[in-house]
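Listed below are the structures to be examined.
Both complexes below contain subunit A, partnered by subunit B and then by subunit C.
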Partner chain A sequence: MTQIPVQQLGRTLQIEILRHNPRDPDSVPHLQTFEVEEADAMTLFIALNEIRETQDPSLQFDFVCRAGICGSCGMIINGRPGLACRTLTHQLPQRITLAPLPAFELIGDLSVNTGKWMRGMSERLETWVHRQDLEQSDLDSLEAPMEPQLAEQLYELERCIECGCCIAACGTAQMREDFVGAVGLNQITRFRLDPRDERSDAQFYELVGDETGVFGCMTLLGCEDMCPKDLPLATQIAFLRRRMVMAG
Partner chain B sequence: MSSKRLSGSALTDLLQSLSGLLLVLFIWGHMFFESSILLGKDAMLWVTKMFEGEHLLGQAYPALVSAVAAGIFFLIAIHAILALRKFPGSAAQYRQFHRHMGSLRHTDTTLWYVQMVTGFALFFLASTHVLLVFLQPDNIGPYASSDRIWSGRFWLLYAPLLICVHLHAGIGVYRLVMKWAPIPAARTQQVRRRLKLAMWGIIGFFLCLGSASLVTYMKIGYDHADRVGERYLGAGEQRGD
Partner chain C sequence: MHTIYTDVLVIGGGLAGQRAAIGARRRGQEVIVLSLVPAKRSHSAAAQGGMQASLGNCLGGAGDNEDIHFADTVRGSDWGADQEVVRMFAHTAPKAIRELAAWGVPWNRVERGEREITVDGKKQTIREADAAHGLITSRNFGGTQKWRACYVSDGTGHAMLYTMSNQAIAAGIPVHERMEALALIHADGRCHGAIVRNLMSGELVAYVARATCIATGGFGRIYRVSTNAVINEGMGAAIALETGVAALGNMEAIQFHPTGIFPAGILVTEGCRGDGGLLLDGAEHRFMPDYEPEKKELASRDVVSRRMEEHIAAGHGAKTRFGEHLWLDIRLLGAAHIDTKLREVKEICQYFLGVDPVRELIPVRPAQHYSMGGVRTDHHGHSPQLRGLFAVGEAACWDMHGFNRLGGNSVAETVVAGMIVGEAIADFCESPEGALTLSTALVEDFGRREARHLATISDGHGDENAFDLIRRMQETMTAKVGIFRHAERLEEAVSSLQDLQRRSRNISLRSSAAGANPELVAAYRLQRMLKLAQCVAYGALQRTESRGAHYRADFPRRDDANWMRRTLAVWPDAKATLPNLGYEPLDIMRMEIPPGWRGYGARDYIENPQTALRQEQIEAVLATLEGADPETRQAALMPFKHLLPEHLRGPNQRLGEQS
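Presenting the complex of A and B:
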């Protein structure tokens, strides 16, 4: 290569953000437009930080890891849910509209309380290993070995970062607040696979065998298509549906 | 008590899918039989007689057609009442869904909405058609059907019925497969692409077949408008008249 590739002059991005602070009684939800010079390999996360540092320190949005692992920066990007840190601005048009994820409690601007929702779901579906002798077990002893294939399957489902994109992409969850969504159903299939969890299908049925669980899903597949971690959600939900029909 | 309520959910979901599948298989079969008119009046007459049991029993029993219509009406009623529980339940839920669908621009979400709208239309369109067949099973035949469609203006019912039923059925079968079939995760996207292609192909095929036969019935009805009520007796008998 004789020439070093030089980045062309970037666009001036117009980033329109839905602003609202629910704790301020005078706050009215409105769109505010910021202009940002696009840089090479710029992500939305970088653009938002630049806005906060140079234009408006009051802008609220969440991030921790910057690498699509923590699930904090989920937001609605031009109408669709996605992670700000994994979204490159060059894949978007010059005008970008950002809004907070719906269905979650709004903290302010783009920041929502997914943690509260996820905890509620987790407590309701009891997404932890259930076994009789857990309290008596010796934590220093070696765990029983697991088939590598099974461990991989578990790991695959465990990759969920609870970012909330599947809930924001789900028409059912938008209409029915008590629907546990793909994130909840995925958790159930994960613990059902786990040999350390002693719960039977009948017990899982008690948790997800109704309209707020797997039978509420209308197979709109927004979750499958919008999951930033590309989790096999359609396959998992279909699997759970078949198992739950047999258990029911 | 709670486990009874829960097993209800599994049962209703399964029954909704099964009743839908049976109705789809019925309508696809129905399309081939009704389009026998494309092969000529005698072919359609043969199919009419077959459903009235004439080929097997030696005599026409239109009541057999009524019995099938009653069975289909029952299936539609079951499917409708089970599907109703998935409809948005309030104006707020409709607003939520509209906003969500508009913002997401996601084919499968929009397709569900198409299914809901066509499903709602079918409550009326399909019921009217099935009820008519149930009450007048002897009023089917190359001339009888054509007169009803043209002189009786029933094409105004059948044209929207054709569109609604095939959109609803085609999308429904695609969704059924995605809902229940054990598709390996690694192949989901590939299988889905092919299924969707098949879905549009099937919808297109049946819309073409249905439109061609509807236009044929209209044409026969138009030519026969001055002799409404006269029955087609088959090429042999007709010549003998």
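Presenting the complex of A and C:
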């Protein structure tokens, strides 16, 4: 019969956190270790809240949905970017190191400004359906049909939650601030695939046909390896690159 | 104090807030949206199962229309809803979904030909019509007569919110992220904007606006076990309440969702049961048909949640060291279905439970899920008490859900209401009433008041800890103001909350960190959450009947004779520990469907004498209209189209009809 998994108990976790509060002129980045008694089904969401509630109320981090859906809690967990809310401590060694995602503006401790970065990316790549008649669309008539498989393919690409893990895992993004990353390129492939978007390949080329876009990728595949939603990012980038070579 | 002027201030960047913002922006108003988090991370993103709109494209939806959607919603609400609002909603929902389809949401589509479905535990083969191929499809949900929940796999809210946010970016609407509204600026019954705190720097900023719209979502986090995001703390409703003027409606109407995973409370969608999943007890017996022979697992949520708790109380739960729970079985749907239509569910089970739902059962138990109550508004989302204040989405009590919301009707409400309220906001701004007429002294006054309040907390030397008090509040609500309510426990809850309110004035902070200081945030939110919790508990204590999700074990019947009334809570005295409750009547003589049996749940209720009168009247009116078209008959009973903006009044075309 099905059982809720129960792991070994009795571990005292040592959670080492890279701390820094840029609002405080006296703050310097440093590692601080907290001890937490591991509980059943403990996630990093639970552990970090426990630290804040009982040990250090100034600790900064971001959680929203705590269900792996909203993308707020990307951080570096033992050297790898991932979503903290759905990381179970029992899958980690007793010593856990947490650091904020690199390449984003630091708000404090584990909290980074992914929102600002993503909005900038969206504005720059115009990640929305471009259509002449959007404002006048007739809402009374039957909707335009779409092939069921196409709708599913679009959703496949749209599952991206803009968590920033692919940026943190990307060699180019560490070197070039203006690289749009896998998250941006994936969105371009999504809108390119969408027949509702009237943009041509030439127009997409304008947006990503250079080193800040599709030609900046060094195909190190970090993005795809680290994507919490298992999006086929490297394949998408390779495909887009071929298309852009043809368009450019 | 730094002051920002705009025409429209929308507090909340979820589906409702952004759709209202787009509407007002298209009418030429300058709009700013505030959000605690990046807009795409708002809790709307977590909606999984679907959005109700009566398109009727797929076989299970065939024959669906606004009338059936209307009737299902009214029954779902246990006759607590405003029926005119439900009509406005059901009529506009198909337009809302078609708009989103044009804007980019990849709705799942009907595929022509044969396919296998699971109904009542058995496989069936059905055939989808050729003509429907490629139109938006829908799935079955609880409490509905038709398959009406349109979906994008089980990431419906995510897809909707991304499309909505992208369109808001396209429209050039700024979203000021990580900004928290702390107080509404108001005087003489007119709202002028808000005092806002920057959650990165801790700075206070004033936003002055002609119209202010609260779109802050639900307040599930006043409970310990909730499906809601951790930011769902109801601050929008709370700051409206703190004006002492604006009223909150039906705060005691709290929905518990049948399938929160146990024990974490993370949701797995109603789509699991809609698609054919079953509920099993500790002995792996399918128990819902024993209680609800008509709708079984697909009765409305309030009914299913109560039956589950009843069954556990009767000793049939599965026992674990965390406590007792029941099982959700979706194994029968098969790997192919789960991998495409329920993939978020699969991920949640894998990551949080270590369970593969293709092969294993999912442990579930009801968890707090939705707030039917909120800032009371008129048909256009305007507060009747505080002019210039609007509310939309889960934060509002527009009142289409009454005492129980149907699954899929909430994301539908957010966009439909956003479309309607966005227009109303623009109308207001264009009217003479919408002129900006406040004095800067008033703004400074409110700013100083908030700064003082924060300083009082920061400098406090009491011996209370904010996090500790939050936990106590949440435990009180889950233990005493849950699914089964009783005078004694409710009285205990009310007095515990009063006690917590007093204690919350004696907090001392351990940290004085520069910036927003998370401990300070917890402390001031706690004080506001306690007020909301008290509106829920005290409202529940006063309502001596059972209606929808509000179930009183000591008053188990719905009482139409005494309780065809909506609760209104106001909090005029900041130092008080209880709200003032008032009631507004629900007029049976104006209802299109007078109260009756819902088609599931208890058959036993106390009738209101007006019900029979209204029924006679309806029959008499309809008798004079024999042969008239459905629209004319409907309009003779309860006209509503005049309440909609003109461009939303047209008939909805369906498959097989001429446009």
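What we mean here is this: the second predicted complex is superposed on the first by the 236 of 248 C-alpha atoms of A that agree within 3 Å, B and C clash if a C-alpha of one lies under 4 Å from a C-alpha of the other, contacts with A are read in each partner's own complex, and residues count from 1 in each chain.
Please note the rule applied: a residue touches a chain if its C-beta (ideal position, glycine included) is under 8 Å from a C-beta of that chain, and two chains touch if they have at least 3 such contacts.
Predicted model, so just to flag it, every value in this text is computed and none were measured.
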Do subunit B and subunit C fit side by side on subunit A in the superposed arrangement, or is it a clash? fit
One more residue to check, A:Leu110. First (subunit B), second (subunit C), both or neither? neither
Quick check on the superposed pair: does A:Met118 touch subunit B, subunit C, both, or neither? Answer first, second, both or neither. second
In the superposed arrangement, does A:Leu13 touch subunit B (first), subunit C (second), both or neither? neither
Is the number of subunit A residues in contact higher for subunit B or for subunit C? C
State whether A:Arg242 touches subunit B only (first), subunit C only (second), both chains, or neither. first
Scan A:Asp194 for contacts with subunit B and subunit C and give back first, second, both or neither. second
Let me test your reading of the model: by the given contact rule, A:Gly222 touches which partner, first (subunit B), second (subunit C), both or neither? first
Taking the CA centre of subunit A as vertex, the centres of subunit B and subunit C subtend an angle, in steps of 10 degrees, of 160
Under the stated touch criterion, which partner chain does A:Ser137 make contact with: subunit B (first), subunit C (second), both, or neither? second
Please indicate which partner A:Glu126 is in contact with in the superposed arrangement: first for subunit B, second for subunit C, both, or neither. second
Now for A:Leu59: first (subunit B), second (subunit C), both, or neither, which partner does it touch? second
Distance of closest approach, subunit C and subunit B, by C-alpha atoms in Å: 13
Going by the contact rule at the top, pick out the subunit A residues touching subunit B in the complex. 76, 79-80, 102, 156, 169, 171, 174-176, 205-206, 209-211, 213, 215, 218-222, 224-226, 232, 234-236, 238-239, 241-242, 244-245, 247-248
If you look only at subunit A, which of its residues touch subunit C in the complex? 1-6, 21, 23-24, 27, 40-41, 43, 52-54, 56-60, 62-72, 86, 88, 107-108, 113-116, 118-119, 122-123, 126-129, 131, 134-135, 137, 139-148, 151-152, 154-155, 158-159, 161-162, 191, 194, 196-197
Quick one: in the complex, what on subunit C touches subunit A? 26, 37-43, 45-46, 55, 94-99, 101-104, 106-111, 133-137, 152-153, 155, 158-159, 162-163, 166-167, 169-170, 175, 177-178, 200-202, 229-231, 262-264, 266-267, 284, 320-322, 327, 340, 344, 347-348, 351-355, 360-361, 363, 467-468, 509-511, 513-515, 517-519, 522, 647-648, 650-655, 659
Interface with subunit A, subunit B side, in the complex: residues 2-3, 5-7, 9-14, 85-86, 88-89, 93, 96-97, 99-106, 108-109, 112, 175, 178-185, 188, 192
